[in-house]
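The same chain A turns up in both complexes below, where it pairs with chain B and then with chain C.
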Partner chain A sequence: MNRREFAKLSVAAGALGLSGIPLGITRAVGQTRGGTLNTIIQPEPPILVTALNQQQPTLTLGGKIYESLLRYDFDLKPLPGLAQSWEVSPDKLTYTFKLFPNITFHDGTPLTSEDVVFSIMKVLIENHARARSTFSRVDKAEAPDPLTVVFTLKKPFAPFLTAFDCTTAPIVPKHIYEGTDYRQNPANAKAIGSGPFKLKEWVHGSHVHLVRHEGYYRPNEPYLDEIIYRVIPDSASRSVALEQGTVQLTQWTDVELFEVPRLSKLPNLTMTTKGYEFFAPHTWLEFNNRIAPMNDKRFRQAVMYAIDRKALLNRIYFGLGKVATGPVSSKTKFYEKDVKKYDYSPDKAKALLDEMGLKPGPDGKRVAIPFLVPPYGETHQRTAEFLRQSLAKVGIDLQLQGIDVGGWAQRFGNWDFSTTTTTVYQFGDPALGVSRSYVSSNIRKGILFSNTSGYSNPEVDRLFEEAATATTDEKRQELYSQVQKIMVEEVPVAWLLEIDYPNFMDKRLKNVITTAIGVHETFGSVSFG
Partner chain B sequence: MDRLKTFLRHPTGMIGLLILGAVVALAVLAPTLFPDDPWDMVGAPFQPPGSEGLPLGSDMLGRNVAAGIAYGARVSLTIGVASTLAALFIGVTIGAIAGYFGGKVDDLMMRITELFQTIPGFVLAILLVATIGPTLTNVIISIGAVSWPPLARLTRAEFLRLRGREFVQAAVCQGQAPLMVVLRHILPNAVSPIIVTGSLTIATAILIESALSFLGLGDPNMMSWGLMIGASRTVIRQAWWMSVFPGVAILLTVLAINLVGEGLNDTLNPRIARKVRTA
Partner chain C sequence: MRALALSVTGNRGVAIALAIVQWVARFIAVVLVIATFNFVLVHAAPGDPAQVMAGQSGAADEHMLAQLRAEYGLDKPYPVQLAIYLKRIVTLDLGYSYRQQRPVLSLIAERLPATLLLTCSAFLLSLGAGVLLGTLAGVRAGKWSDTALTIVSLLLYAMPVFWLGLMLVLLFSVKLDWLPAFGYVSIGVPMTPIEHVLDIAAHMVLPVTSLGAVLMAIYARLMRSAIIDVAHQDFIKTARAKGLRRGQIIVRHMLRNAVLPVVTVAGMQAGTLVGGSVVIETVFAWPGLGRLTFDSVMQRDYPLMLGIFLVMSVIVILLNFLTDTIYRMVDPRVSLRAAS
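Then we have the complex of A and B:
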């Protein structure tokens, strides 16, 4: 053991002693410092300030620049982030966070509890829809001393502790943003955060260059000297860049799914689908529950039986994912697996359709249903073709309608559709990412990712509401299990798959995917060897 | 009859006709040759040509590429012919009116035609399909709407040429209605170049349709060659056959139609036809 390793170990031990909570992230002894990580950002983000823009590329890149109070392990248990410890009062109304000392922003100013309160209660509430829905439940946020933040809620909100990852609650410097128009602030171009990397240069259309933040509060971190995010719009070129080693890491849809089997065999790369647990992308066939025959439970069940979802997973998603069993992803908390099963059975589907009185006509077709093909690339197009063939076998004539991006969002959001497919993130807790798609109070015209299907069941509304405010996990599990059983029986939408995205990385890279937000994490502990 | 004989002796024209005949036969016989829906996933995905029951291999979903090509022939030919008929109808009507009446009417008609000619045809087709929505009928309308200007100009030129001839003047003097003069006297004498250009327009229409489908602007319910290439373009490194065979189909069909068009041109042009006959 050399001196540096010893120092690292003793600091780690000290941190453990301070917080009393295991850090969760494995710290390999003898990580090397230095090196440049080249990776891809696609499409190029419009801005790097994650508090102001939450498009996926912004969040991927901004995670290195802006940090938040907590991190989450793969089971979505909180780990220390900027906060070294936290306490929840017995009545579940008061949350107290203790920050690490010596945190500084990239401009050298210390990060204090004032910055946290300002970021969350001002910037995020005004600019971040997902953060707003959680933090608008805060009655008051206080900073009694520079290292302590206290949130008091209006009433208990169980998933409150799940909202402090760096994509939901990034901390921005108060001294730069206070009293300004946040969106027009010239400092947005400098992207000053407190993360392990700071912005050196952004050449639009080419790359974003991040370098080490020397004043980072975690000892020895970051290990890498610099990270370069390259903009590569063409998917074939992205694969080639990975193959040739020009980039050492890809994420999300950087690599087309059909390339995955081939690239997985390359000796210098490893592939993992971990690191998307927090997002848990859930894909389904959405029915407009307002119109016949989609307003009939039996029709929706028939569709569930008619789709061979295992074949869909294997043929179109190349096995990257799992068949979804209900509204909650198996990666999300409070998943219930003991629900009604819809195994592939065209006969059951036909029986249900017969029972409804939808008899096949002379051409074998029972009913024609329009389907808006989501204009987001090949996988969606192939999925649409797959669904049409599957449903044709039971006499449902799914008529595909091609449409552009704006048109899809506009018609889907305004309920001007019969069926389409959509993918929704779950954000770790049913109260954050699941209930929004099904509760009546979220039937809001013109808003995507609200309850667009128009499904409405007072019992489901009640259970979701109670589960969100229940104070013990046992109680919540019970309520969510109940609601999942009801919904899987009623199938407001036909859940298809839980999608996994592949992360490819150079075999020399260490500690890339350490938490449930995967590639969005700070990358402070990432190193080459 | 003479003309038919001339055409039959035209070597390249006959080759074109044979290939075209084969494509038409494939289109007509598609349901007999491939009773399954071309969208059905009949085998394992990514099967190379020559696999069991898949002479041209399967695509990324395990659909039969050969069946796709047969049914694609129907779509391509339907769109080619239908949109050309639409283009002929618009082009000949406008050209005939302009050429027959001349003067201000001519000016007006030609300015309208030029308006369409200044916009690149393919770009306009993309715009139209994207606006009115990609269905089979709309694709036909859009291609028809961008293909008529050359036909209108050609018809006008022929009409201007024939308008002053004695037999036309005679018909006008006899008091025949303009429509009768146009249909019975001028059009029959102007039809040869229109037929030739029309046949070439079919080839162009097929290419435009393929390009639209390639860009994902075709009718998503129709298996067409352009769609097959567009869908498999990205996997060309793993599976060349998915894009090569539909590409060859487009090439052969368009080549065949062009050869036939050229043959028709030579046959219907009296000077060249005589040479062929006496040769």
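Then we have the complex of A and C:
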């Protein structure tokens, strides 16, 4: 007996003579006109307005509702988004965007250049930390006609054109937000954007239901009728949902990495790790450079030698990713591969520790170092265990301290830690996502994703600053190569891995991962077959 | 006995009214003490909601943290925050959730029905089945059916509830495809009211069974020992000597006496059930209060945490009152003792 038969039987038994009434649960996933994509959102976002909240689930879901001027291919080259074309002045100070005609918000109001200027210069600068760091460099933003937007920068900022994806610069309707308290605006519950999907229903704790935006400006898009994001908090249940076909797409950490080998073998699914090029998640062991012995370069180098990062990649991350060679991910622009190598060598690690005077005691231990275990799931826990065992072999006693999310964020942000692991996104350009973790000007107590390690080198500061404002890619590459070589020698943090996250999807799905922001993209072109 | 006689012959209405006033005053005092205690406890733990929210954004700056702290009143000193909180409670305003960006009371009201549906079903099912199976095992103590029931209840009791839930999902959802694996209702499927009810019922089967199985094992084991205990009492021997039928002895004399410890334990557990089962609600993606509690703790969502704790405390107090009342009804000796 299958579920359909069982359900029918239930109806017959429960409703006396009403057998045959089709139960909701007996119906196959809708396939009419493009069909319904069922997927997962976890944890449930607080709101869907990406201009006001940038937590990752908000961005994943909000990407279908709010669009921006550009998209980016896997090499991070810009593609048309709301803007069909763009021009950069020779002095790299003026950026002119031409919008597609006939773009409308979900309430039917046309989207114009006024909405773009308002969104970026008002709403985002006030509410979006990442956008603020880029758009605060804009001297003036103008809307000379309804389809033209012109940004003039105070001084050149090389990655400016990399900041127009829908997670960084979502466009919101000016007529709804202007003159209001953006965060308290009642329209936030309706999430009115211009993306291919609009909000139909949000049952908190259960699901978010998006349906086609009929007035979408791209011909034939969206192909899907609807997308249902289900809130499934337990990772084992998420795997079951995928296996069972209840959901047809998983992303980010929806499935635990140890499930990947098993799920990869399922005949109805396909898996790709593409679509994280923009974020380029970089995982490292962070040292508090203010405290001994982490303030000694030799200790940090010893740790690099003591960790078999290939084994970490293969055993804990199931081969999903690459060993990181330095501060810049190989997915990010201006990566330099010709840097000092730290191949696994416990002997070199021991020699460095000996040189420092950290001799092993009678129990073989040289030094005890506390480690805050990030409370973000099984993989982080396993990574911590792996690091503890690796470092124990060279006499470093890594003492794991369990902590919850609130405690971890507070202690890490306030420099109240010795070591921990963290994963930081690079956002396509070293000036957007790399320098922030290392420059002295970003040592800011209480701020996560700032220079929490306390590393400071004036030469590194200068090179990062010059590279951000250099006007040619050649010059930028030269400066970034230099800074990467210096930093890999100094090892402010122990770079571990460039992580790939698995996207599992139903084999019938097409065009799911088409850009460097992967599952955050609009999904207008996604279809079943 | 003299006191009892007095309370019966005296002005009974005034006495009852006085008792109610006393109870309400005690209730309010207890609620305020609990609210203060919760507040202090929650704020004593390390963690800053603004940093937790910033941590999930991948980027943050001082402006963002200051904005969040000012928006949620986190920039005020703790005593001021406590005073604001207590003042709000008096007006039945439980505040505004940072994370969900909605009023706490409406969030709790939204989740409570799903939790009550799940836990009350599991509770009633387990209580009924536990009492029945425990009685059967008790009256057949030492026989093979007693041994079998004891082993099964021990197994269920020892089994981690999440594991049982996952195994049921694997069997009935993945392998047999009989029942939905999780959720509360089918999404995006138009249904008539009857279909809707049956759909929810189908979604309830696995979580209710998982949660109920463990509770049932507790009640069955408790009931079994109580039945065995009662069976050796003199009044049972007397009943047998009077020539009463076995069924009459079990139902009229043994059950009523043996059920007392079960009522006590069930009463205590009913309170915790209102909070929902974090584990079951998580495994089965059940949109209830248990999961809301878990999320609020993980997110350091103070108003929501405090709101849930307070509502749960109030319900526990009310349930304790209810348990006391039931206890008195089941066992007249309790009210006699209370009166004297």
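Keep this in mind: the second predicted complex is superposed on the first by the 496 of 529 C-alpha atoms of A that agree within 3 Å, B and C clash if a C-alpha of one lies under 4 Å from a C-alpha of the other, contacts with A are read in each partner's own complex, and residues count from 1 in each chain.
FYI, contacts are C-beta pairs under 8 Å (C-beta built on N, C-alpha and C of every residue); 3 or more make two chains touch, one makes a residue touch a chain.
Given the structure is predicted, the values throughout are model-derived calculations rather than measurements.
Colleague: Residues of chain A touched: more by chain B or chain C?
Modeller: C
Colleague: With both complexes overlaid on chain A, does A:461 touch chain B (first), chain C (second), both or neither?
Modeller: The answer is neither, since A:461 touches no partner chain.
Colleague: Which partner does A:384 reach: the first (chain B), the second (chain C), both, or neither?
Modeller: first
Colleague: Touching A:114, do we find chain B (first), chain C (second), both, or neither?
Modeller: neither
Colleague: Pick one for A:490: touches chain B only (first), chain C only (second), both, or neither.
Modeller: neither
Colleague: By the touch definition at the top of the document, which applies to A:315: first (chain B), second (chain C), both, or neither?
Modeller: Touch status of A:315: first partner only.
Colleague: Touch check for A:404: first (chain B), second (chain C), both, or neither?
Modeller: both
Colleague: Just checking: does A:236 make contact with chain B only, chain C only, both, or neither of them? Give me first, second, both or neither.
Modeller: A:236: touches chain B and chain C.
Colleague: Contacts for A:446 in the overlay, against chain B (first) and chain C (second): which applies, first, second, both or neither?
Modeller: second
Colleague: Do chain B and chain C touch any of the same residues on chain A, and if so, which?
Modeller: Residues common to the chain A contacts of chain C and of chain B are 236, 404, listed in rising order.
Colleague: Which residues, counting only chain B, touch chain A once they are in their complex?
Modeller: Going through chain B, the ones touching chain A are 37, 39-41, 45, 60-62, 130, 133-134, 216-221, 231, 234-235, 237-238.
Colleague: Quick one: which bits of chain C touch chain A in the complex? Just the residue numbers, please.
Modeller: Interface residues on the chain C side: 45-49, 51-65, 67, 71, 98-102, 107, 110-111, 114, 162, 166, 169-170, 173-174, 176-192, 194-196, 198-199, 201-203, 282-285, 287-288, 291-292, 294-295, 297-300.
Colleague: Where on chain A does chain B make contact in their complex?
Modeller: Interface residues on chain A, with respect to chain B: 235-236, 256, 258, 262, 311, 315-316, 373, 375, 378, 381-382, 384-386, 388-389, 392, 399-404.
Colleague: In their shared complex, at which residues does chain A touch chain C?
Modeller: 1-3, 6-7, 10-11, 14-15, 18, 21-25, 27, 30, 36, 38, 43-44, 46-47, 53-56, 127, 129-130, 132-133, 183, 188, 203-207, 209, 226, 228, 230-234, 236-237, 240-241, 243-244, 246, 279, 404-411, 413, 424-425, 436, 444, 446-450
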